[in-house]
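Common to both upcoming complexes is chain A, partnered first by chain B, then by chain C.
Here is the complex of A and B:
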């Protein structure tokens, strides 16, 4: 089972490689990838340096071109695919069928991975991408229960990668329009959920308030842990009560489920967080490397070390973690 | 502990300290400024407030020089935190979002500007900076001292 770590910048890439990532994933500095954040990601020179650093040490590099080209921007996506092909990356993570077709036609040597933004939640959907574009791997959205996941993995024509840790998208990724609803921009169209330009934090006498395009998302009392100001993790007034109606500020952590994921044949664990700093990547890569090694050695006796869980919890949104959909008893 | 000690000392005049910090920042970020990596600070005022010690300033970029000045109301982004947490950030011992989730640092104002700054700092290869060894040792020394004396300080306060 592989460990796939995020790299939002060169120092993060290096620490991921140095702390046991089997592969790292990165993006270019524009809206062709779903972490289109100010000052994040790789320019051409840093991309080249990073790829060399990783590959010389036996770590593979995946590049995300996983947003959906907008009517005016198609040449940017073409250019990104061409650049990726020239850089000699190990796989291209993409979601849009136009981008996949372009890659198949112009850079047939590129390995394609279906991005989580592709929203494939069934073996049939994965097969479609395999039959038409020859994808070599698929990353599944974080909405499947273990039972559903097992069904997809066993019938999928390609290896499956799932999210193991990090900030949680609670909708089927690639199909969530909440950010567009409030800001006009979303991961699919712009490369960011709740873009920073629409976010405002204010210290007020009633607490720390986060606003998205002037809409109040949450108000944290003193001492309450905070999260990213996404609509899905906002507090809503429902039936006379104010609370988290969709999801709390929380991060996904599947470490306890590792033996089950391993047994069902999941090929790779993906760590979310290209927007985080090198120290996060180092902390998270270190504990997940140790956990995957321990689990592979002795799956039936595997128990996450409390110290690992402590590290993961401390870097999490709201300083708390959840199994997410994996443990949905009703499915 | 460190800031409690410092608070007891007579307040040093801020202007000379600011001047020294300004010189220092211009030195270590000279390459980044030349490569236009700090252009996001052009005409944008970034205010830093350090809780517990008399350290606060406005930072901006003018004519390819970082300028530090006395705090004003004209800031675009304000970041507040303890000296200890700022040191942890500078020494790459804590992640900015982690401290943010835990409410240990606060940002107000232009969130995108904050993101630029954070991502600029994260993308620096620290070993490329002038005085990097010295800086690292200084920061780690100060952090270690805080970690050693903090429990003592807390016990004495009881």
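Here is the complex of A and C:
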């Protein structure tokens, strides 16, 4: 089972490589990838340096071109695929079938992985991408229970990668337009959710308020921990009650489920967080490397070390973790 | 002067959980309307089983006899094996065409060799991706709801010949799908024991901000805009040359809405009175931002566009 770690920039890439990642994933500095944040990602030179650093140490490099181009921006996506082909990356992570077709036609040597943004939740959907583009792997949205995942893994024509840890999208990836509804920019169109440029914080007599393009996402009393105003994680009124109507600020942590994921044949565990710091990447990579090694050595006797869980807890959103959809009542 | 076309009107799948009686009455009332195309079936949650596939096929035959093109729509989010099996039965129905709302159904329809409509959740954002599916048998493309008029025009100008276009023209916008059920959550119920409480909300369950702003609507595992998109208030008739205009059913006033769209497609630009009248039919206000290339929640121009 492979460990796939986020590389938002060169320092993060290096610590991921140095702390046990089997592969790292990265993106270019524009809207062709789903972590299009200011100051993040790689220009050509940095990409070349990063790829060399990783590959010389036996770590593979995946590049995400996983947003959905519109006609006006299409040349940028073509250029990104061309650049990726020249850089000698180990796989391209794509969502848009037009981009995949372009990659097949112009850079057939590239290995294609289906991005989580492709919203494939069944072996039948994965088969579509396999038949058309010969994908080598699919990353699944964080929506399936263990039983459902087991069926997909066993029936899928290609190896399956799943998210193991990090910030949690409660919506099906690639199927959420809430961010563009409020700000005009969504993960699909722009590679960002609840973009920082639309965020405003106000100290008011009612408390600290967070807004996204003027819409009140949350309000914090004194002493409450304020989180980033991702719009699905705010507090709203439904039926006269106020609360987290969609989702609490919480991170996914599947470490306890590792033996089951291993037994069903999951090929790789992905760590979310290209937007996080190198310190985060170092801590999370170290802990997951140790966990995967321990689990592979002795699956039946595997128990997550409490110290590992403490590290993960400390870097989680709202300092809370969940099994997400793997836990039946959640789904 | 631009050549204009007269669009066909479609009725999208009912996105809410309605009673069996509501659904049957609704489709009976549709037979003698100006709607040309009707999409049938459950696209949001497989637990909603007021009508079985045989019931849907019965409705389909009646509407078909009344001269409508009938399409069976598939589930947007597939998780359980049972959902794959029901989707397969829809794809293999042998009588009616299918709207694929997920790549799993595309895969099946392609294998069968059945022509299909590419639904709004297939994420076809450019003509290159549309071309891929046109080769797989897609004969009509439904635009994702977050795209603008400009993107529609850019794509339409480059489309393979014969491929039809369809735009979500009226209704609360379907914005997100999740594994979780937010209606059950609002009632403090686990999804496993949701008691199908969404039956209480024939237009979805309103979610407001803490400033009482009407923001979103919870519809089981789906999240919608609280406000209603209305192309009539954002576009002069005929000019964008959209082949099919989709009206998404709501709990009331459907026949009036169809009537307004019929007048509009025939070149009768909506005046301010019509726009105001239609706004009174919406559960909350109007939101036309997406078509204008703005945040989707924006109201859009208050001016009613005239034919140019």
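We take it that the second predicted complex is superposed on the first by the 325 of 331 C-alpha atoms of A that agree within 3 Å, B and C clash if a C-alpha of one lies under 4 Å from a C-alpha of the other, contacts with A are read in each partner's own complex, and residues count from 1 in each chain.
Keep this in mind: contacts are C-beta pairs under 8 Å (C-beta built on N, C-alpha and C of every residue); 3 or more make two chains touch, one makes a residue touch a chain.
Remember, predicted model here, so these are calculated numbers, not experimental data.
After superposition onto chain A, the partners chain B and chain C occupy separate space and fit alongside each other.
Judged by the touch definition given at the top, the superposed model places A:220 against chain B, while chain C stays out of reach. Note on the composite model: angle chain B-chain A-chain C, taken at the C-alpha centres, equals 120°, rounded to the nearest 10.
When the two complexes are overlaid on their common chain A, residue A:199 makes contact with chain B while staying clear of chain C. In the superposed model, A:172 makes contact with chain C only, not with chain B. More residues of chain A are touched by C (comparison of chain B with chain C). Contacts of A:279 after superposition on the shared chain: chain B is touched, whereas chain C is not. In the overlay built on the shared chain, the residue A:316 is in contact with chain B alone; chain C does not reach it. Distance between chain B and chain C in the overlay is 18 Å (nearest C-alpha pair, rounded to whole angstrom).
Residues of chain A that lie in the contact sets of both chain B and chain C are absent, per the superposition on chain A.
The touching residues of chain A, when paired with chain C in their complex, are 68-72, 74, 95-99, 101-102, 118-122, 124-125, 127-129, 131-132, 142-145, 148, 151, 170-172, 174-178, 180-184, 186, 188-189, 213, 215-219, 232, 235-239, 241-242, 245-247, 325, 328-331. Of all residues in chain C, only 76-81, 84, 102-104, 106-108, 110, 121, 123-133, 136, 144-147, 150-151, 154-155, 158, 173, 175-180, 182, 185-186, 190-192, 205-213, 215-216, 218, 223, 225, 289-290, 293-297 touch chain A in the complex they form.
Put simply, chain A touches chain B in their complex at residues 8-12, 37-40, 46, 195-197, 199-203, 208, 220, 223-227, 249, 275-280, 283, 314-319. Residues 40, 92-98, 100-103, 106-109, 111-120, 122-126 of chain B touch chain A in their complex.
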